[in-house]
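Letters A, B, C, D and E mark the chains in the order given here, with residues in each chain numbered from 1 onward.
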Amino acid sequence: TFPNLTYRTGPYAVNGIPYADGYADYMALLNSRDGGIGGEKINYIECETQYNTEKGVECYENTKGEGSLVYQPMSTGITYQLIPKATADGIPLLTMGYGRTSAANGKVFSHIFNYPANYWVGASAVINHILSLNNGNIKGKKIALVYHNSAYGKEPIRTLQELEKKHGFKLSLLPVDHPGQEQKSQWLQIRREKPDYVTMWGWGVMNPTAIQEAANIRFPMENFIGVWWSGSEGDVLPAGNGANGYKSLAMHNTGSDFPIYADLKKHVYDKGLAAGDGTSSGQVLYNRGLYAAMLATEAARLAQKMSGKANISPADMRDAMEAFSINEAQMASLGLPNFAPSFSVSCENHGGPGLAAIQQWDAKAKKWTMISDFIKTDAEVINALIAEDSAAYAAENKIKERCG
Amino acid sequence: MPAEFYYGVEVFLNGLMAGVMYSLVALGFVLIFKASGIFNYAQGIMALFAAMTLVGFQEGQIPFAHLINAVFGTEVHHFGWTMPTFLAILFALGMMLLFAFLVERLILKHLVNQEPIILFMATIGLAYFMEGFGDLMWGSNVKRLDVGIPQGGNFWIEENTAFLGGEEFYGFYLDTLDIYATVIAVVLVISLVLFSQYTKTGRALRAVADDHQAALSVGISLRGIWVIVWAIAGFVALVAGIMWGAKSGVQFSLSLIALKALPVLMLGGFTSIPGAIVGGLIIGVGEKMFEFLIGAPLLGGATENWFAYMLALMFLVFRPQGLFGEKIIERV
Amino acid sequence: MLDSPQTDEKLLDVNNIEVIYNHVILVLKGVSLSVPKGGITALLGGNGAGKTTTLKAISNLLHSERGEVTKGTILYRGNPVADLNPAALVKSGVIQVMEGRHCFEHLTVEENLLTGSYTRSVSRGDIARDLDLVYTYFPRLKERRKSQAGYTSGGEQQMCAIGRALMSRPETVLLDEPSMGLAPQLVEEIFGIVKALNEKEGVSFLLAEQNTNVALRFAHYGYILESGRVVMDGPAAELRENPDVKEFYLGMSDEGRKSFRDVRSYRRRKRWLS
Amino acid sequence: MLYREVGEFKTSYTADQQTFPISFDKIAYFIALAIAFFVVPLIINDYWAKAILLPFLIFGIAAIGLNILTGYCGQVSLGSGGFMAVGAYACYKFMTAFPDLNLIICIVLSGGVTAMVGILFGLPSLRIKGFYLAVATLAAQFFLVWLFNKVGWFYNYTATGQINAPEREFLGIIISGPNSSPEAVYLVCLSFLTVLALIARNLTRGSFGRKWMAIRDMDIAAEIIGVNPLMAKLTAFGVSSFYVGISGALLFSVFLGAVEVGEVFGIQKSFLVLFMIIIGGLGSIFGSLAGAAFLVLMPVVLKNVMVGSMGWPVDIAAHFEFLIVGSLIVFFLIVEPHGFAMLWRIIKEKLRLWPFPH
Amino acid sequence: MSRKTASLDSRDSYVTADGRTIGPAVMEMQNITLRFGGVVAIQDISFDIREGEIRAIIGPNGAGKSSMLNVINGFYHPQEGHVIYKGEVRKPLKPYEIAHQGIARTFQNIALFKGMSTLDNIMTGRLTHMKTGMLAQALWWGKAQKEEVENRAFVEQIVDFLEIQSIRKVPVGRLPYGLQKRVELGRALAAQPSLLLLDEPMAGMNVEEKEDMSRFILDVNEEFGTTIALIEHDMSVVMDLADRVVVMDYGRKIGDGTPDEVRSNQAVIDAYLGVSHD
């Protein structure tokens, strides 16, 4: 059983729909092409949260009884909710690229996994990219962070502040309140202060508005780098040509040039099993849905192998996720060659490899293209922060470290 | 003059512009409140719905495609034509008219002479309904809306003011879209004021807001009045939807601009059309200047939302009916 | 009233109606009455007898109070009023002056009067003439024409409400307690106006009144309502002579009018029905 | 005559002032309470607790609180979300600053703190009325949310501004944190609701309730017969915020366990609670609960029916959910503008007459 | 100028023909002027109200009678003039403070609390006498309950007195006009005022109901010794009940005296009575 907490309505539906489509289509593909995983048919459940915490809890409680193997809530708020609960219930949580970053510390967070990347990795990747553009020296450069004024948006601040000390750039912080339709003040401030780079942690309508405003003040788009949640088609399309050159982080490859799309067409779309109306197919967030589903189902496959049963329990799933590894050959065989980096998980490290790439928007072609490899991030800084934050959590909740 | 000063002026000007954008939304509220004493919670959703409809017509979307596909297993999405903007606007207007008619028929007619809070609640129900209905009809994905109004900083103004403030200043930034919005808002307000102040219908509107039953007893047809007013409010919603939709795409969050209109409304007075504009300007300037002078440098930013309300609150303490609202009659 | 323009033609015919409020409170239990063209008909009765309810049933205003006519018919010129909405009813010439004034408080007195002409499509000049006419009836209103109705005195509001109804040039007026809160002089004047309109312009009136004395003096015909039923009816002159009416509604006994100071010992109301 | 009051005579004013003057009602309520306290805990599971009962109980408290302010005292408020946040953050601060303090006491204290904040924001009500006041209370809503998001002290400077409820026991039973059992948290919330509902009932039938209602129905007349409007309004704000604060504290500590202010206590919450009391019935304790039940239960039921039983795609179901909830709101208002409480009263009146029509 | 100015005899008491004692003046209005923007509602009016008497205020519509009551109970503050209550110049107080000094009133446009039952409405009249704190009430402790029961008993007496037992639990909004007036009187009586102001208590009533109402007013006046100021347009009622009558016209006082004096005052006849009554 794979529950999926989706949000196809409400203020963040824009982002929620393509992701949910991708996730659902991948599950449908496995069922229709392979008859499930290891002969066991996948029971795929969607539950609508509207990005709302209480609804998320309702969904969790509603579905957990049905033998749910892993939860991917796609919302930092709901993730925070579920961290203690899922741990108590013994169900693993996979929060790829969102949620609580310090959950990468498996010693403290036994049931929480946030591979392959997290926000602090993201923050560091942005700085690394800027470093690479400036031959490694960004002393005195000004970098502004435009962020969603919520737990999610505040995640990168600590890391950026650490990196600020290390590299000597100047960071300025510009919060934007939910929902973020009115950002005149922030962008006038950017216009005045002329930062060299702007990075953004946005979500929902905040993204297209920011990109539109950036285009309006003629901020050089190639110096504007969003996190992976600010880099999908829905964010750049409303700004039209103005968005050309905008960059964002990526944790997987873009486009529909993968063999899996042929299979999807044959086994899912053409059979009328597609979750969406087809417009989302090939979009960044759709691919992310595929990727999320792939990581979950591959872990399940591993769990079947490890436990020797076809019908695995959440505990088996958790053990498999902790022993999880994936490499290029595996991904190629799944129809996703060159899609995402290889990595492996361990008891200590639930956070994956700490790699991220940069993609850029081409407004004419209406396409995202990868412009970098998956680059290594500043593990030194990040790990120290993770250790600190998870230690605080452990102390607060009287958790004894594992893996020792 | 130091550059800081001109930046202050720039923020001020942009505040005015932002205020006008709020006023566009606030106008819809005022109209309905003035005409029936109803605080129309659904105004934001109406703007969203109008914009969605416009895009839907423009792009030849098949209404309820998603539902149809789910029920019949078909794969229909588009009619395959695109409609000229002008025509699409006309169709969208027609839709809002129909909407006004149905609202009267199905809701208001049954709630004559009820207390304001109950009518308010009914509009909340309406808002829920429209939210579901709009999404079902046109889908909840983000849509790009383009009616041909240019956007982005106005070069001409920028270049011709760059000489001010020396090296550090590069001319005033004003969004062309906002300039258009201002012109439209001014035209709207003037015509609405003329309508409500100098026509028989305008007087009837105010009578209805005071006392439904007495209005009925002198032969004012509530139904007619309501249809007219809701249709006009629908039209205003369409305008607001177009302007805001052009800024950040048509999607659910568009309906949340209603929250930005509320402080404008209370500052200007619920019953005053010019109040909506003046209130908008004051709120726009106030919140932007506060953020510029105090919010961002001292309080860590993102103060606009609450400051707008605080500002309105301060005005209300001195004038409980808003700047231009009708005086609240207190007598025994 | 020998010079009465009253005719035999029934303008308004209320036939055995029953009214229920809120689905549970039965208020009118079979009321029948008729208003002849050109007549002044009085509807009398104590507090809560159902006078207001009857008038509202006729002018179709019950819906907005969650009341409904569950039995019987009301015909105006032979057409059931239930088919007309209140606005259409005003257009066809029936207008009600509601009990408790109900002026539009935020409108000025003059604007209030003008709303009365809402249904009429005539020239501004005509309306201005009617306005002047109302001002000659109620000079006090002219003085206060620019003030908001909400700030005028009780009596001024009453004049405003009556004036507003006259502005629609009605054929039939349903007057609910027009004398309430008016100075005695003015009461006479208002009834004088009623009489003048009736005689000169043939306007018919249905008049709910507590002030039985005056009402019976001006009306042609009267109905007495108690607890939702018509308990007595007859030409006004006859009613005035009826001993029961005399005692209970006119406050006269055989010895003439008693002082209010003397009615100390409590008189049990005689009920025709209870 | 299914429902009867005939044959019940009150011989003293005390008896006439009881909460349930009609013994039929009284028995029914006692049975309901007994079931709630003794039967439900035996059959409750996580889903029922977390998806339905806890939200119902907690929002029930908030709804009673808001009903005191809006339904009884006539001051429309859209600040409930913000006041709930005050309760939650106060509770968090008490819990972390005094780890040995009993959670129940923490929650009550949080109510007290919220009452104070509520009174502060109630001050403008002396001048500002009606919808103007409603919009003015939004100032409280936005300001409080901003404050809790911004000032690190409130969330103990955690990296993201989330607050987490540590585990606490009451009488040796865990009642907060992930290891609490559904029946324990249920009983805690139920007890709070029961006690608070009773207190609300007592207050509203006494002289405070009358002062509030007088202000609501006609504030000028109330002042002329001797009600001090400022005191009446401020006490209403205080009591109401106390309730709302407690519900916020419960929502945070025993229900959600982790809270982010903007998401959980946003403006939507304020609206939600207001909807509850209008749908349920302004000026009625029973109505507050009925409204809370309706708005908590309805979406869950609709969802389960449409997705669970009829197998619709979740997004269509979600859209229909809005559509249906919206239509039902309008429908109920048309049937009875004064909410479920009034509907219930009319049904009782009809039953009293039954089988005779009038 | 606290104790002076009142003419000498305003301090004396006398006994009326039917045996009631009329005391010295409790309330003196001195040169009251009240304006609303351009409208002069009251112009330089002085008169007094004596303890135990029934004082009527009459005058054409818009003369300023209701405004005068509003001045007495502090809802309007006159631009000029003083109000002397129980011998002291009254400071500008809030209406609720004045209510606590023992002045209660009814309103011309009924101002009942529509959402409450008859009983609760009358109970609100007792609010000035109820003192228990919030905590006690919340728990319905002994003291709170005792106070409630005592006051309730008092209110039941008023209900009996006004003969409105049958509508005790009915929401007042549903009551017919006349009964609402009666409930309003009950609410004012519940406060056990020393001065009771009645604004057109008999409007919209028929003779029989007016008789009832007159009886209530007289009983209150005699049994509780309550001073009453009364506005009424029905001259027979005024002439029968009042001890003294003030006549206002266009904000000015045009007459003051016993009913007989007023009735024969030509200015009064011209402005108000039209033809002399009965």
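The rule is simple: contacts are C-beta pairs under 8 Å (C-beta built on N, C-alpha and C of every residue); 3 or more make two chains touch, one makes a residue touch a chain.
Please read all numbers here as calculations on a predicted model, not as lab measurements.
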item	value
If a chain touches chain A and chain E alike, it appears here	B, D
Number of hops, chain C to chain E, where each hop joins two touching chains	1
Of all other chains, the one whose Cα centre sits farthest from chain D	C
Between chain D and chain A, distance of the C-alpha-averaged centres to the nearest whole Å	37
Chain centre separation (chain B, chain D; CA means) in Å	32
Distance between chain centroids, defined by C-alpha means - chain D, chain E (Å)	42
Of all residues in chain C, the ones touching two or more other chains	151
In chain D, residues with contacts to at least two other chains	146, 149, 220-221, 224, 313, 315, 318-319, 322
Where chain A touches two or more other chains at once, by residue number	8-9, 17, 149, 177
Pairwise chain contacts under the document criterion	A-B, A-D, B-C, B-D, B-E, C-D, C-E, D-E
Contact footprint of chain B on chain A as seen in their complex	8-11, 13-14, 17, 149, 173-177, 179-182, 184-186, 188-189, 191-192, 204-205, 208-209, 212, 215-218, 234, 237-238, 240, 242, 272, 277-280
In the complex, chain C residues that touch chain E	21, 25, 44-49, 52, 99-101, 140, 144, 147, 151-156, 158-159, 177, 180-188, 210-213, 248-251, 257, 259-261, 263-264, 266-267, 269
Interfacial residue positions of chain C with respect to chain B in the complex	59, 61, 63-65, 85-91, 95-98, 102-107, 111-112, 114-116, 118-119, 148, 150-151, 164-165, 168
Chain D - residues contacting chain E, complex	12-14, 16-17, 199, 202-203, 206-208, 210-211, 213-214, 216-218, 220-229, 235, 239, 283
Chain A partner contacts - residues on chain D that touch it in the complex	45-47, 49-51, 55, 146, 149, 158-162, 164, 166-167, 177-179, 256-260, 262-264, 266, 268, 299-300, 303, 307, 313-315, 317-319, 322
